[in-house]
Amino acid sequence: MGQDVVDAALEQMECVYARPDTLTDTRFHYCPGCGHSVVHRVIMEVVQEAGIREQTIGVAPVGCSVFAYNYMDVDMQEAAHGRASAVATGIKRVLPDRFVFSYQGDGDLAAIGTAETIHTCNRGENILMVFVNNAIYGMTGGQMAPTTLLGMKTSTSPAGRTVETAGFPLKITEMVAMLPGTYYVTRQSVHTPNAVRQLKKAITKSFQYQKERKGTCFIEVVSNCPSGWKMTPVQSNAWLVENMFPLYPPGDIKAPK
Amino acid sequence: MAKGTVVFDIENCKGCELCIEACPQDSLELSPRINAQGYHYVVLVKDNCTGCTNCALVCPDAVITVYREKKKTRVPVARISGVTQNITVTIDEEGKPS
Amino acid sequence: MNDFRLMKGNEALAEAAISAGCRAYFGYPITPQSEILEYLTDEGRRRGMIVLQAESEVAAINMIYGAAGAGARVMTSSSSPGISLMQEGLSYIASAELPCLVVNVNRGGPGLGTIQPAQGDYFQATKGGGHGDYHLIVLAPSSVQEMAEFVYDGFDLADRYRNPVMILADGALGQMMEKVEFPEYRVEDHVPPKPWATVGKPPERPANIITSLHIQPEKMEQINLRLQEKYRVIESREVRYEAIHTDDAEYLIVAYGLVARIAHKAVEVARAEGIRVGLIRPITLYPFPSGPIRSIAKKVAGVLTVEMNAGQMVEDVRLAVNGKAPVSFYGRMGGVIPAPEEIVRELKTLAAAHPHAQPAETY
Amino acid sequence: MTHELLFAGFGGQGVLSMGMTLSYAGMIEGKEISWMPSYGPEMRGGTANCIVIISDGKISSPIISSFDIVVALNQPSVEKFERAVKPGGLLVYDSTNVITPPTRADIQILSVPASEEAVKLKNTKIMNMILLGAILDRTHVVAGESVTRALRKVLPERYHHLLPLNEQALRRGGELASVAQPA
Amino acid sequence: MNDFRLMKGNEALAEAAISAGCRAYFGYPITPQSEILEYLTDEGRRRGMIVLQAESEVAAINMIYGAAGAGARVMTSSSSPGISLMQEGLSYIASAELPCLVVNVNRGGPGLGTIQPAQGDYFQATKGGGHGDYHLIVLAPSSVQEMAEFVYDGFDLADRYRNPVMILADGALGQMMEKVEFPEYRVEDHVPPKPWATVGKPPERPANIITSLHIQPEKMEQINLRLQEKYRVIESREVRYEAIHTDDAEYLIVAYGLVARIAHKAVEVARAEGIRVGLIRPITLYPFPSGPIRSIAKKVAGVLTVEMNAGQMVEDVRLAVNGKAPVSFYGRMGGVIPAPEEIVRELKTLAAAHPHAQPAETY
Amino acid sequence: MGQDVVDAALEQMECVYARPDTLTDTRFHYCPGCGHSVVHRVIMEVVQEAGIREQTIGVAPVGCSVFAYNYMDVDMQEAAHGRASAVATGIKRVLPDRFVFSYQGDGDLAAIGTAETIHTCNRGENILMVFVNNAIYGMTGGQMAPTTLLGMKTSTSPAGRTVETAGFPLKITEMVAMLPGTYYVTRQSVHTPNAVRQLKKAITKSFQYQKERKGTCFIEVVSNCPSGWKMTPVQSNAWLVENMFPLYPPGDIKAPK
Amino acid sequence: MAKGTVVFDIENCKGCELCIEACPQDSLELSPRINAQGYHYVVLVKDNCTGCTNCALVCPDAVITVYREKKKTRVPVARISGVTQNITVTIDEEGKPS
Amino acid sequence: MTHELLFAGFGGQGVLSMGMTLSYAGMIEGKEISWMPSYGPEMRGGTANCIVIISDGKISSPIISSFDIVVALNQPSVEKFERAVKPGGLLVYDSTNVITPPTRADIQILSVPASEEAVKLKNTKIMNMILLGAILDRTHVVAGESVTRALRKVLPERYHHLLPLNEQALRRGGELASVAQPA
């Protein structure tokens, strides 16, 4: 199909999907197939479609998504490792009518940031916490995360994670769901088009709840790390379904009626 | 079935093949050629694209634009009220973003 | 009775924060400064301030980062161990150039130590207890009145230079009551616009980003050069100190905070005994009043530095004096406060070793 | 002129407010004031104390270790602080609560049955004011008038009906002091 | 091929820790030193070491406290921001006098900064980034070989003085591979008995208590005096440095770690051009080789300090020189490494301003 | 009854309760009626009766019980605020056959130490964690704790704790019970003789489980703080039953069959 | 009902009254006198003590020693095995420590 | 004598092991060695590089910015590092992967169709050895013999059956270099 044919065809058509304006033009630095940028994009699609860009402030973590602010074209702050939810709390408390979201990996949110995560949720801060669980420390080169599966090999569990030395995979999402401060807690993924659609709905709802001051919304996204897992992106998605979902099943954990 | 097509920003494609996997029409393939980043990029190889947006939804690098023959009208299903501007969340009934 | 109030240092500081337009306070209790949080939860909230008891000092300093980045005048306070936990956050805040006020009501260390007054955190405050090259502007009050006054000054400096400011006090200053008078201060006249703050991106400007990450070393070096340039400006403009009886001084005492008051008493005692001694009280510990100390040091027979620690500021004094006079040190530790008589005794020892008659040479 | 005082006793005996009342009185007289409480875990044991310095000039250290006047409301305080009175200084104690009296010969010792008297005045809380009255009789840290004015400051509004009682206690303390024999 | 191995600095350090009898490692990943944890989880565990990836640096340093207090040789490692988070714990460990090894593979700061090599944590390491008066013994390797060697020395020093020891390296030393040879080291000969450790109280001795709390200021002052006395002993016995071409030097360069190597190259270049310059490389940053620097400084026309920061060690150099010679500084920041040519250029600037002919006076 | 009568009587009798040898003679520094020292004593009774003193190492927190080592006459370490379980982890890992227990207040364990608490339990460290919940920061003078009840007045919630500013009382014991690393999680108290007996049983079991390397044992003791609560000790116990128990009900939360 | 008695270390009693509250026999009262710490201390005021140990169990200051007429034999109910010494946890069937 | 080299390409092209093999070879020859990889998030983008210094004397900085030899395995590396070759130095690149060749006139440029040749040798992984062989033909950083001995060290035991193939690749690289025309 020549370029001229394409151009001609496009004139008859409407654009049904395009990169949202709320993403910058910067090329993502992520490894091929990495789920992080899908999550970035979906958040920005919701911000765009909801028309809340002028009211939205994001908080980036330390992790592979440390540069999230290079892509999401809204006002953002880069937090210290593990402290995104504390930073988001600081922002939201002084700007209570803005939409504030934090974005964190599993090391960030469930290891070093555990206390901040639990207490932000317990206070019911009116923010959206996005938690990308790829069961590994992507940025630092594939070390074990709190969410790493038993038996899973990482650079700090070379023989596979064992309970004896490293304990159990931490289901922090279930823990925060227990807290009365959280209003909406859900586990999503981005491994299929439908999963992406579901995630988008979850984010949309979360911003709506934030508007209504309902308390903390918490979205875990079970995601991949092809580099850390040493797989192709396609393999990683299959592996995710087979191995991550049994422990981290997608779906709402706590949802308002 | 709707008639659609897709356009790739090939220089930013990383050849992850997730779109290929997601396409229900098997319309996509990796090019044998590489872009300046060293990646084999994706190309549309069949004329059966429905414009379903599946490929674009999963594309981590947001390099896919999807077109479809005009017909649908949008149904707003969600609304975040009270902010300064009009906000219309346009997710249609089947959950497809529009 | 006039407009004076009798207040604890901690309370005076908290009251000043409210009237200085501090929008939000995030902090975690610790003796001897919990009254700050307590006063603010009560009186501060009543007057519209946002006050949050954080789950830890680590959380508190990162809340400060967020709130300061969102453009608010914000402050936290703690005491020694708690301030140690904030070091990562402080390095981030300094690097991201966020204005805020941090209060350290120093207690005796190291470790859990005591809860009594000390000055053992001087190095941490002035040299940067966190990683990398950065400076806090450090103000050292020596009375309840200054506990209040320096809050206004501290916020203004923070905003002017987009730099964290620390008030370094000690347990005694926090706990004692003295008379205090609050100045007139119109907040509107003091808080500058903050176009860099993350408040939501309108269409007409690029997104505001608060970050301390610049992965290219060359870029990070530029950031550092900019910071260093700012510090040079601060050093040239913002040095504050008090000089007492230095005009005719044959000996010089350098002391800050509570100790400066005790040293002042010692100066009076010594002068009564015929020793011509002067006192320099650094008010800004960073920027340090090196210039004034250097020029006085050239004329005296000896310099005595007194601190409630094992000898920290004395290094800055030595750097200032740079061999122009002998510098000796006297310190008490662990929460013990030196008495004026001890200082006089040290002074006499110094004077005996270095009588002024001796020709000016270097030591 | 500088007066250096220490008030010590159990928590709840009104040690801190006693010092604070005196401080306010000093402030009313235009003096420099420093009031320094003991703080932190040492209060767990149930003891409390505060140092008050009232001076015409600048006050150097708010924490000092010897005093012109020590007021001891219980036995441990007598034991701990008797030695902290400057030679020639004054040690005032509540004789109701103190079984073994102080013994130094180089200081003035004033024994006041303050708790007992407070019971007589039907309010054990004002024991501290009785002692304060006694001090004012023996020394001239501040004028009695200033203390009554200070009380108005220190007592929250809702307790102002107790002002007359407090004043009575101050007076009673003064009386007891003036009749007390030197130990 | 002989017994040399080609290893990354981080790996060499980890390998040395295993053979130095390090019983347990607690740490949290961070670039550029995660290889230490990785090597130990693999090879260390195989050889019987206890290796635990902690949930944070704060947890790690407190696990170190516990394990060291229980009498084990223990170590942790991190890089700048992670080390900042350990400041409270380090102050506790120093105060409770627990022996342990802490590795900081310094990266560019402040804040999140870069992951490239830097020396911006000098102040934090040597002056005490935590609260109160304490010192770590700080060793600065400048090659992969020393990354290994200093581990043995570090553990021995820690045990000898019951004091935390820090190895302060930088990202390049951690990541680069060089030849390394491991010495013979019989652990039994080096680990002293630790009768103070909490291992369970037998009837015949009182309970062992590890604490840093001494609520009476007088008691806490005694603790501090004991610590200070220990530091004086360390200062008198444990100074380590390397002097190169200092005998006939007209100028002196002071540099440590990786920068010392580059400065060494600069010395060669400058000497080839006829400038008689020498180099002092402090190996112990605390205790600092003030004595050697002072005595050389008396004979030279100028001293140049080179660091990968905005000027930190230069203060210790100035304190040592104490006005006996002009001291200038050259630094690169944010992860940028200076080139030998830059140093030569700075040296020439110094030499031009202070030609040796000039009569010895003070600056 | 004269002293001679007592002495005579005692000769006919056996001592059925005495201060255990594992407590030192030091007078407790606690306020009258404070539950801390009851908990200290009961731990030491078990250590004594189990004859494990030579194998026992305790970890004291920062809180009113910071001086626990002055009373419990076993080897002890004083941990930084919030880090007792990390310190205990360090000890236990290098001395796996010793009995290790940590002792913490609610501020220590459930605020600043949240991350260490969660991760110690998640790793299933073979230790006993004793958690004394008095719903307040006793040591620092009565500030709000994470476990402070809604409406409860403290020096940092002078008008009573509200959800808006401070979030909900944190039921951290229920959270750690969710973690597979914990083996035995129970909530006890010391407000009556029977409660004390129950606590003693729980501690005895916990040391037995530790011996068997079952994982983390976690005992919350709902206790009082007469000073912080501004009540007499007797009132405080009544208040505890009435107000604390509804939210923090005593009993086993997770117990092996 | 067993006959018992209690002995107090009165100097360390803090007068908290928890033992008074706990005594099923109402045998205890606060003394009108205070000890050197300034506390009214507890005294046994009746001759009906059963030696039930209740008071001792709740006493925060561990100042109470309890005696009872001899009769019972101890039943070990729990044992922590395998440590160096013999360990016998002697909680009797009713849960009373002995 | 000191040789300063840079190896750059995509992750997975064998950039780091290429440098490491050469480093081992240098060590075998008793030289001082420094091998310095790029590290951290910059690796996310999929690029990797390492600096190798082989010297008879002490090596100062392991991080340098100009090189005697640059080996570029892809287009971005050519673009980024062409300017980093010292005048008179050598730039070797894989012509299969590089569309726009380097253009500097003051350096030697050696174009080797390494990937193409690797395909011919039926193992794309050994592309890097072909390039290494080419370098050894053009320069004398180390002896070819040392590299074959080094391979034994670098390759894990289980891959030792690939040693002959690697040696073949080295030789092939040498051949290609010796026939290549100066650009």
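For reference, chains read A, B, C, D, E, F, G and H in written order, and residue numbers begin at 1 within each chain.
FYI, a residue touches a chain if its C-beta (ideal position, glycine included) is under 8 Å from a C-beta of that chain, and two chains touch if they have at least 3 such contacts.
Treat the numbers as computed from the prediction; the structure is a model and nothing was measured.
Novice: With one step meaning two chains touch, work out the least steps from subunit B to subunit E.
Specialist: 2
Novice: By mean C-alpha position, what chain is farthest away from subunit D?
Specialist: Centre of mass proxy via C-alpha means gives H as farthest from subunit D.
Novice: Relative to subunit F, which chain has the most distant C-alpha mean position?
Specialist: When every chain centre is compared against subunit F, the largest gap points to H.
Novice: Would you mind pulling out the distance in Å between where the CA atoms of subunit B average out and where those of subunit F do?
Specialist: One centre to the other, that is 58 Å.
Novice: Report the inter-chain centroid distance for subunit A and subunit H in whole angstrom, where each centroid is the mean of the CA atoms.
Specialist: Once rounded, the distance between the two centres reads 40 Å.
Novice: So how far apart, in whole Å, are subunit D and subunit H when each is placed at the average of its C-alpha atoms?
Specialist: Centre separation, subunit D to subunit H: 86 Å.
Novice: Would you mind pulling out the distance in Å between where the CA atoms of subunit C average out and where those of subunit D do?
Specialist: That gives a centre separation of 35 Å.
Novice: Out of subunit G, which residues touch more than one other chain, so two or more?
Specialist: Each of 14 in subunit G touches at least two other chains.
Novice: Could you check subunit E for residues that touch two or more other chains and list them?
Specialist: Counting only residues that touch two or more other chains, subunit E contributes 31, 52, 55-56, 58, 81, 88, 92, 96, 112, 115, 211-213, 215.
Novice: By residue number and range, which residues of subunit F touch two or more other chains?
Specialist: 30-32, 54-55, 66-67, 78, 80, 111-112, 114-115, 118-119, 139, 146, 166
Novice: Taking the touch rule as given, give the residues of subunit B at its contact with subunit A in the complex, in rising order.
Specialist: Contact set of subunit B toward subunit A: 4-5, 7, 9, 12, 14-18, 21-22, 39, 44, 47, 51-70, 78, 80-91, 95-98.
Novice: Which of the residues in subunit G come into contact with subunit D in the complex?
Specialist: Counting only subunit G, the residues touching subunit D are 14, 34, 36-38.
Novice: Given the complex with subunit C, which residues does subunit A contribute to the contact?
Specialist: Residue positions touching the partner: 53-57, 59-60, 66-67, 69, 73-80, 83, 86-91, 93-95, 98, 115-116, 118-119.
Novice: Quick check: in the complex, which residue numbers of subunit H touch subunit E?
Specialist: 20, 23-24, 27-28, 32-37, 39-41, 58-65, 153
Novice: Sort out for me which residues of subunit H touch subunit B in the complex.
Specialist: Counting only subunit H, the residues touching subunit B are 10, 46, 74-76, 97.
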